[in-house]
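Per-chain residue numbering starts at 1, and chain names A, B and C are given in the order in which the chains are listed.
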Amino acid sequence: MKVVLQNLTKIFPSRNKKSNEEVVAVNDFTFTIPDGKLIGLLGPSGCGKSTTLYMISGLQKPSGGQIFFGDEDVTELSAENRGVGLVFQNYALYPHMTVKQNILFPLQNLRGEDKLSKEEMLERAYTAAKLVQIDELMDRKPSELSGGQQQRVAIARALVKMPKVLLLDEPLSNLDARLRLQTREEIRRIQKETGITTIFVTHDQEEAMSISDMIVVMKLGVVQQIGKPQDVYDDPTNLFVAKFLGTPPINVFEGKVAGGKLYLDGVEVLDVPGVADQDVTVGIRPEGFTLDENGPMVCGLNSVEVMGRDVSVVSTHPASVNSVIRSIIDADNKVAAAETVSYSLKPHKVFLFSKQDESRIYFDI
Amino acid sequence: MVESKHSWKAWLYLAPAIVLLLVFTVWPIINTVRLAFLEDYNSSMAIGGATYEFGIRNFAKVLQYKDFINCLTNTILLCVLTVPLSTILALLIAVCLKQIKPLQRALQTIFFLPYVTNSIAIGMVFAAMFNMVGSAFGGENELIITAGIINNVIEFFGGQPINWINSGSAYWANIVVMVVYIVWNALPFKILILLGGLQSINTQYYDAAKVDGTRRARVFTRITVPLLSPMLAYVVITGFIGGFKEYSSIVGIFGEKMGPAGDPGRLNTMVGFIYDALAGDHTGRASAAALILFGIILVVTLINLQVSKKNTHY
Amino acid sequence: MSNINKTMAEKDIRLVSSKQKFGHFLGQFFVYFFLIVMAIIVLFPFYWMLISSVKSLDEYRLAVPTLFPREILWGNYVTAFNQANLGTLFLNTLYVGVVSTILSLVITVLSAFAFARLEFKGKNTMFAALLATMMIPGELFTITNYVTVNQLGWMKTYTVLIVPFLVSVFYIYLLRQNFMQIPNELYLAAKVDGTSDLKYLWKVMIPLALPTLISITILKMMGAWNSYVWPRLVANDAAHQLITNGLRNAFTDASGQADIPVQMAAVAIVSLPLFLVFVFLRKYIMKGVSRGGLKG
């Protein structure tokens, strides 16, 4: 099922009665989510990603705009009539029911022509449970399960009624690091197997990048960029997106463009044809550095962290906004123990941003 | 916690409480048991130096007493009728209050109002409402002029007026009046506790149910009631404990004679029985009755706890 | 997972949408209807009390009762006040209420402080024993207390109305819990500064625990105002009678001849202080009650 968001807006009235300040949680969000894809809504807390998810679920009513499932306008439909599956951040498993009862619960709500027989319900419940590999735990209570198992039950409960859209609110935030890795693969697998259009919310860029077909980066209610994870990473539209994606994070510098050349701390480091003369903010991905004895970027060497395949070099540069810059280079390259280290830059890993509005300034490579 | 070398200080602070508790709480517990087993103990005579033998005649006398069986029946009947009724009503009101936004606070205040009333005083209001004004059964020249507001309402809907509490009234009519009054009185506490319980249930459960298209009735029976079960158990248990000690609400409606005119003691309860025995200087019998009451309350509470353990989901 | 359930496409989306709106409206309608009907039932006795209290006896006895009095007869209140001797009853109750509240607060504060802040042998046993007494119904105490006060020669005095119920284990428990929440560092700091226990109690603990103390004060005062059983047993003479007993006794002839408007006026007078307390201090009452205080 294709999901279309059209000029979706959510305004919360001010909590403080005296001031009339409204909070715009989501501002004019337009996006078509293709059928059968896994979409990650990504952004820092308070960016409106959860609100967007709840509006799609029907639990919150938009202040403006429309939501379509397929060709149908479901904006006015309340949650119970939308046929979505929702996995809550805290799972919201009913504590007094067993796993089986929890999974059966949505099926028992079906009425009229949708009503299922007992056998059909059980069969569906076991199919869903097998899909998330919890069919051994059907008679346990949620309190007897680990966090990861509870998560799976929550997903099974959302999937059992075969929703048109599956929504996951911070699905991994309550799991420990190892389980998180495992579970995100799991979510990807389940989504692929069922082919259900899935939207999930996360503040963890790595999580979103690793499993999504597409990601939506949001900030303060405004969509910053939509695209395939790699495309967004390789081609951020503004400084915020560039900074938000990637580990280690992008290195940011204060720079200057003059005569089609980029200067950092007065030193010419890169040709940037087609850019007008101005002060710019420069973002360089950690992998955008190449060791080069004659390279234009001379940095003070702090430390070298060997990470097996790669080497992470921590160094300083006068033009850097942060106290240190981090570069990732191939472990085949040996970094000599010295006071300084010199780099040349890979042009496609260097992004220029306007000083005024932080938007991207493109140059020809 | 501070290590104090002067632990005598702590005891000094506690002294007034301890002295009073020893005299008026601890000693009574021991003594009441003792008195219950002293044959026909009478406190006035005991002051005069009379001594009593050890035995269980007090208990035997209590159980043989016709009034006692009557009191026990009344108490149990009122308990069994009022506790479920008030709990269900309070649950419905609390659930409805939880669902609304405008008027919620105002209605909540109204429903709590009966809590801060004097049960004797408002009992007199209920008595007036159920009363027949100018009794045909009373003075010689009296005529029924109006049948009382409750009867007026019944007549308005085409019913026959009922003699609720006056002389010659039926037992069941008396019980109905008591049930109405006791339920009215019991609602505020139960609503307060249940609403508090409802407000502490995570709203995500309701969101989850909504997304799954659960009907209201099913949300109520499958989610609200189970998640509220600890609170429900609490109000039921305290309701039964209070119910077995029912006394002043009956005084409020029927006066100290504990019954309609011409049939005093008809609606007497266990606690009333104890006080009557005490006022009549049958201290031993009163003690025995109090121990029996304590035993009943204990057993009922244990049964309640056992039942709620099976049905409470935490 | 084929066999996808019937999608919205097969149903008429508009129908569902309007049905859902109507259902919601209907649901809310019934909820409000039920609540308002219940609220009217809850309020009706108060209303009936008030309008009856200003009716003439003739108007009260009309075959078709008036829902609003034709003529407001304030005189009923004067009659009620004199007939039931409410002035004396009021003063008696106020005296017993104030004295027992003050003494009770002092005892409760001292005990709660000892349990919350001081260290002494047998503290936990002592506290547990105290809590255990809460399980026993009060009727069990009444019998022996009746004998005891008789032997002490306290019958028909104010003392008998005040002393036996000064200590409430529940209030000690409530206040101790409240004191425990106050960080111990404050106490240590006071000790370092050489502040005495009592001064610390007065300057720090009591102000911080004020809401609980107010709750206790209100519940205790209400207790005196509403107490009936014990005063009836031990001090039911004219000089010491409390308001509830006096009220019930003054109109004890519950046959049809009673002048109900005057009776209702008396009930209204007795209810008024409670009502005022409720209006202005509801928050404290509800807090105290919801933490486990039962009526009485």
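Please note the rule applied: a contact is a pair of C-beta atoms (placed from the backbone, for glycine too) under 8 Å apart; a residue touches a chain by one contact, two chains touch by 3 or more.
If you're wondering where the values come from, they're calculated on a predicted model, not measured in any experiment.
Peer 1: Which chain is in the middle, if each chain's centre is the mean of its C-alpha atoms?
Peer 2: Minimum centroid-to-centroid distance belongs to C.
Peer 1: Using mean Cα positions as chain centres, tell me which chain lies farthest from subunit A.
Peer 2: Using the mean of the C-alpha atoms as each chain's centre, the farthest one from subunit A is B.
Peer 1: Measuring centre to centre with CA averages, how many angstrom lie between subunit A and subunit B?
Peer 2: 59
Peer 1: From the C-alpha centre of subunit B to that of subunit C, how far is it in Å?
Peer 2: 15
Peer 1: For subunit A and subunit C, what's the span in angstrom between their mean Cα positions?
Peer 2: About 56 Å separates the centre of subunit A from that of subunit C.
Peer 1: Tell me, which residues of subunit A touch at least two other chains?
Peer 2: 78, 80-83, 110, 161, in rising order.
Peer 1: Sort out for me which residues of subunit C touch subunit A in the complex.
Peer 2: Checking each residue of subunit C against subunit A gives 1, 3-9, 13, 16-17, 20-21, 24.
Peer 1: Taking the touch rule as given, give the residues of subunit A at its contact with subunit C in the complex, in rising order.
Peer 2: Touching subunit C: residues 1, 69-70, 72-74, 76-78, 80-83, 110, 113-114, 127, 131, 159, 161-162, 164, 193-196 of subunit A.
Peer 1: Using the touch definition up top, name the residues of subunit B that touch subunit C in the complex.
Peer 2: That would be residues 1-4, 7, 9-11, 13-14, 16-17, 20-21, 23-29, 31-32, 35, 43-44, 46-47, 89, 92-93, 96-97, 99-100, 103, 107, 109-122, 124-129, 131-135, 137-139, 142, 145-146, 149, 152, 165-167, 184, 187, 189, 192-193, 196, 216, 238, 241-242, 245, 247-248, 251-252, 254-256, 261, 271, 274-275, 278-279, 283, 286-287, 290-291, 293-294, 297 of subunit B.
Peer 1: Looking at the complex, which residues from subunit C come into contact with subunit B?
Peer 2: Touch residues, subunit C against subunit B: 27-28, 31-32, 34-36, 38-39, 41-43, 45-46, 48-49, 52, 60-65, 106-108, 110-111, 113-115, 117-121, 123, 126, 130, 133, 136-137, 139-148, 150-151, 163-167, 169, 172, 184, 187-188, 191, 197, 222, 225-226, 228-229, 232-233, 244, 247-248, 251-252, 254-257, 260, 263-264, 267, 270-271, 274-275, 277-278, 282, 285-286, 289-290, 294-295.
Peer 1: Within the complex, which stretch of subunit A touches subunit B?
Peer 2: 57-59, 78-86, 88, 90, 92, 94-97, 105-106, 108-111, 157, 161
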